[in-house]
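Look at the two complexes coming up: chain A is in both, with chain B in one and chain C in the other.
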Partner chain A sequence: MNDTAFEAMRRAVVDGDADAAAAAASAAIAAGIPPLVAIDEGFMPGMKEVGAGFAAGDLFLPDMMLAARAMQRALNVLEPELQKAAVERAVAGRVVIGTVAGDIHEIGKNLVGMLLSTSGFEVHDLGVNVSPERFVAAVQEHRADIVGLSALLTTTMTGQRTIIAALQAAGLRPPVKVMVGGAPVTGAWASEIGADGYSEDAMGAVELAKRLVGAGEAAR
Partner chain B sequence: MSPDVAAAVSPAVVGGIRVEALDAEAVARIHEATLDVIETVGVRFPSERALDLWEAAGATVDRGAEVVRAPRALIERALATAPAAYPLAARDPRLDLPLDGRHVYAATDGCGIEVADLATGERRPSGVADVAEIARLADALDEVAFHWIPVSAQDRPAPSRSLHELLACWANSTKHVQTESIVTAPEARAAIEMAAAIAGGRDALRARPVLSMMQCTTSPLGQDGGSVDAALEAAAAGIPVGFMTMASAAFTSPTSLAGTLVVGNAEVVAALALLQIAAPGCPVYYAAAQTAIDLRSGAYTGGGPEDFLFGAATNQLADFYRVPLSMGAFATGAKAPDWQAGVENALSAFLASAVGSDMLLGLGLLNGSRIWSHEQLLLDAEIFSIVRAMLRGIPVDDASLALDVIASVGPAGDYLTAPHTRRHMRELWRPRFMDRRPMGVVEAEGGGPRAWANAKARELLATHVPEPLEPLLAAELSRIVHGREREAGVETAPTIVEATAAAGAGR
Partner chain C sequence: MSALPGAPLRPSLRLLGDDLVGRILDEAHELLRDPGVRVQDPEAVALLAGAGAEVAGEVVRIPARLVAAALATAPGSFDLHDRSGAPAVRYGAGVVQFDPGSSGVNVLDPATGDHRPSTADDLVRLVRVAEMLPAYDAQSTAIVCGDVPAGVGDLYRLFLVLLGSAKPIVTGAFSPRGTTAMVDLLALDAGGREALAARPRAVFDVCPSPPLTWTEFGARNLLDLARARVPAEMVSMPLAGGAAPVTLVGSVVQHAAECLAGVVIHQLAGPGAPIVWGGAPSIVDMRTGVTPMGAIETAMLDVAYAQVGRALGLPTHGYLGATDGKVLDAQAGLESGIGALVGALAGIDLISGAGMLDSLRCQSAEKLVLDAEGIAMARRLLGGVATPTATLATAMIRAAGPEARFLEQPETRRLFRGEQLLPSPVIDRASLRAWEDEGRPDTRARARERVEELLAAYRRPALDPGVEAAMTDLVRAVGVPHGLAADLPGVAAARA
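Presenting the complex of A and B:
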């Protein structure tokens, strides 16, 4: 009978139906299915299916976004149960992301954040026009492993350097890793300002983030 | 280098071809839907100055969310004071551009980040010298009627960068300059002061604005606060200013094309209404560069059938509001001057021109407005020259029916040597960069459109010397730039005219 429950979870994610995902998560709790089992055998297979469909070119960005949102709603329902059971869901890493001060471009940053969260990262999106102070505070608050800095303007990309300095001054660097991106940003710029990595698209950002947390782990 | 003939402008004249993407009923429905959106959903204006103006005018203002909901009567009343026609003035008055609904004026694209080097083809970050060089090259092309700031002067301090760029354009061209890089009130004030120095005072500037500004809206249904404040400065000074929606179907606006038009229209109409509330009668324009995103990457595409249709539809909206339109075209996502660049730029330029967009942006950038290419500028200019020729349409009159010649040549003759041919042959369009050589010659000689465009760019840069700024005026403009630097607390950096003078003195 768990099979029909898992099927409902998978379907909810594939359909991108957040209400159905939340309902399936509640039903799992009521049926006594352990939350981690619901995630691994119910919701995650849906995510994988959507990821495969996207990779094959049959599904598009909106499919991915909706699946991610459904997954998130289910996780929100399951989170208190996880805490009660004192199990911590394994996250690939904690990421604080935002667009730097003076810059309001958000589309690319949103995509990077979305893809990171569907890839198992816990993502805290600070929005656009974010001051260095807010980045520092968020890194402390969320115990972030990685900070993602988006800048789309040649006038604001220097803000990435300022934020790295602010993290340094707050004694957060290392261990916190910094990755940068946005239209005018290049690998050369990333090394010039002492960032740990750069990617020109969201897929690459996920690979990079995985590498950066891997490196952080190894160093510990 | 020796001075050559004055720069010239040859716009496309509208009328020879008619294209219509929306009928009158469709325009009316979009307008109704737009007013409904502004009144019930609202538009975000994150600017205290703007919110105060809206509130005083009778709109409902949600200070927390910074959202304005304005009754339709307020919007309609405000828009009614916008002038339908006015000029974009140039340093050289012969190059003034009357925005009268009958001409299509093309301009360079703007705010590029890298430059494809003319000699090596390699990409490098753009600097103030690139701005100067591109302005000089564009000054030599009659297809380019005015300038956008083509690339960013990344070697100048951020708070004064837009002013360094502006000065580099004025110092290297006598044509009108429109900025899309001034997004704060202090920069706007300094730019207006510079423009007033060129025009000969504030009143003279109002009559002959040698500067205009373009701001972006933030879809969906929002504005950038700095941009709105800068626009309010322009409106107060009587400098033409427009708002450009870049609503992107399926990401920042509905996937349906009509829905995207409504969202973008609400953003632009609300912004223009605000400017009219602030300064009734100030010259404003509609600007647009809607797109449909790439469904795989979310990228702004700048080409594709949806974009071309937006180009055809938007001038009908601007006409409905009786304001000029500046339409984004030539926005190819291609990485090099290639087939994709040709297809995207030809179709976007044609549709936006055929409907009579007053201003047409922008020549020269590749990779979604990021990489400047001199070659692409010249190839885009060729595309515009084709469009310009098509817009002449097919005049039918006694002279063009040419019955006399037809009779005199008779059946089985040829028209090659008919005097009529010699008289009129120069009316036919002639290419500069199309490769019409026989195959064998191409194989033997090589070359081709890109190589020729490259050679032409070098030739123009080696020979074209625009009328320089008067030294006293140049010094005054530099002083204003440095004033802004001191105000912003950054070190002063030499303007392009100071840098050039220093290099000359050092020789």
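Presenting the complex of A and C:
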């Protein structure tokens, strides 16, 4: 019985059908399936399947985007139930990501955010042209483990340094980890500004984020 | 001197029928009305409102009447001049011209083959190579100098180009007010602001943000350039599937709407000031999100929007001849050569992009010399098939006789230079034996050798010492508060 429900959830995500995902989530609640079980056994397997298909080159960015949207719609339906039951979804880590002030390049940042969320991270995307203050506030609000800073311009990459300083001043660093990326950003720049890591592409960003939360856990 | 009828046909490439151009423009106008354009500079918004556009916050709805008025005052042609004041890049004249791609963040290190952050000395080297190659009608501010503080980076690289070149320059600012000091610098070079406006040497790239947004940065640059009457080149970048519709035609509509809005803002600030219908669109690769500049669809986007611009009677610009490859390999040659050829066949006035690897991230002097060959081939093709003799073949065939004595015909000696393009040694046509004896040099090795030859032959174009001193003072005055090193990076190399 639950198997057909789980199958509907998985399918909704794989098809990128947000309405079907929301409907499957509501149906799960009505059927008394615990929300965490619905996520872990219904929706997440769909997300993993899409992620694997993307990694293998069989699926493409629009497939990923639509799957992530469907997943989000399901989570929106299930979230209140989780809160009622006072349980938290196990996530790989909480990430706040954005493009730094003065910079409006967003494609790379969006990609990194999406791959992180399909890899089990809870991602809060602040958009583009984000001030240091907003990064700090978002880290506090979402109790983030990691901040991802994207900068595509030589003129704005210095903003990454400013944000690290602002996080420090707010007493958030450590424990919050900072990873940086974007066209002019290099490993050397990352170490110069005291970031915890740098990646040249989205796949690498996921690896890096996993490493950073792992390191955070070990330190705790 | 064709003796008999039969003029050569100038080859050309078009992708849109006239009716489709009309439909594209109709939809672009429709977008200007709904949803309108976001304009994030208060003065630009005020100008638009004053002229009768409907404004709600930063959203501006532009009526067709305003567009028509702007198109009526925007010039259909203008020239960029070299340091002597002679016209050297002719926009809107039916000539296809080329310049290197701009604003790379890395260079391909000739010694190590690494992509490493670019410096002022790298720009000096690139400028010298581009100066020596007739394939490049203009210079560009080809890279960002990593050893120069970001706040003065736009002014500084223009300064370095002015020190090393007499050619026209394609440049751009990095901040809303960035054009001001750059125009001051150009005015020193030109002999005053009036002289600069009368015979501009540089054109400034100014980018709208997809979709349908003129940021404070872009709009401010348009206003300031229009008032200084220094040419502006709109570089609209619909990224098909990522920041614009996935269809090529849909992205061309978005391009048209962004550029029409740009022309309106610009002409309201400076009626009659020169402005170019340009772009650097691309598709978005659906596996990686990368914006591939070497994709054939990227070239098709340029061909199509340039056709729209020409239909409006505006000068055109494109971004082609770049590659997504990382080294001077077969992919680099393939993508860059096809891009240059397609752009040339489309009759685009100025085509930027040469020298670029890694999707516009990396510049390379070695690639500039390779691309110069592709550009020369494209130009040769545009030259078409000539008819320089009284009979097309009969006289020559009779004179050569059955022994095929063509090589000893005076006609052969007289005409071969016009008929044939002579490539530089970067293009290998040697025998296998000769190539092996040379140590089997590949493209990269041949290109490196040619770069060294060009650098050795380079002579710095004359620059009045008083003007040079004034430019240096200006750059110091603006730069030092930003943390510019007093010894001025790259200047020693530029003067050497």
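Everything that follows uses one rule, which is that the second predicted complex is superposed on the first by the 220 of 220 C-alpha atoms of A that agree within 3 Å, B and C clash if a C-alpha of one lies under 4 Å from a C-alpha of the other, contacts with A are read in each partner's own complex, and residues count from 1 in each chain.
Following the convention adopted for this analysis, a residue touches a chain if its C-beta (ideal position, glycine included) is under 8 Å from a C-beta of that chain, and two chains touch if they have at least 3 such contacts.
It should be emphasised that the depicted structure is a prediction, and the values quoted were computed from it without experimental measurement.
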(message) Should chain B and chain C be called a clash or a fit once both complexes are overlaid on chain A?
(response) clash
(request) Using the superposition on chain A described above, determine whether A:62 touches chain B (first), chain C (second), both, or neither. (result) both
(message) As a test of reading the superposition: which chain, chain B or chain C, is in touch with more residues of chain A?
(response) C
(request) Check whether A:207 is in contact with chain B, with chain C, with both or with neither, and answer first, second, both or neither. (result) neither
(request) Would you check which partner chain A:104 touches, where first means chain B only, second means chain C only, and both and neither mean what they say? (result) both
(message) Per the contact definition in the header, classify A:79: touching chain B only (first), chain C only (second), both, or neither.
(response) neither
(message) Show me the chain A residues, by the header's touch rule, that chain B contacts in one structure and chain C contacts in the other.
(response) 57, 60-62, 104, 107-108, 111, 154-156, 158, 183-184, 201-202
(message) Could you list, by residue number, the parts of chain A that touch chain B in their complex?
(response) 57, 60-62, 104, 107-108, 111, 154-156, 158, 183-184, 201-202
(message) Under the stated contact criterion, what part of chain A meets chain C in this complex?
(response) 57, 60-62, 104, 107-108, 110-111, 153-158, 183-184, 186, 201-202
(message) Show me the residue ranges of chain C that touch chain A in the complex, using the header's touch definition.
(response) 105, 117, 144, 146, 150-151, 153, 174-175, 209, 215, 239, 241-243, 284, 286-289, 291, 361
(message) If we count contacts the way the header does, which residues on chain B are in touch with chain A in the complex?
(response) 113, 152, 154, 158, 161, 218, 224, 248, 250-252, 293, 295-298, 300, 370
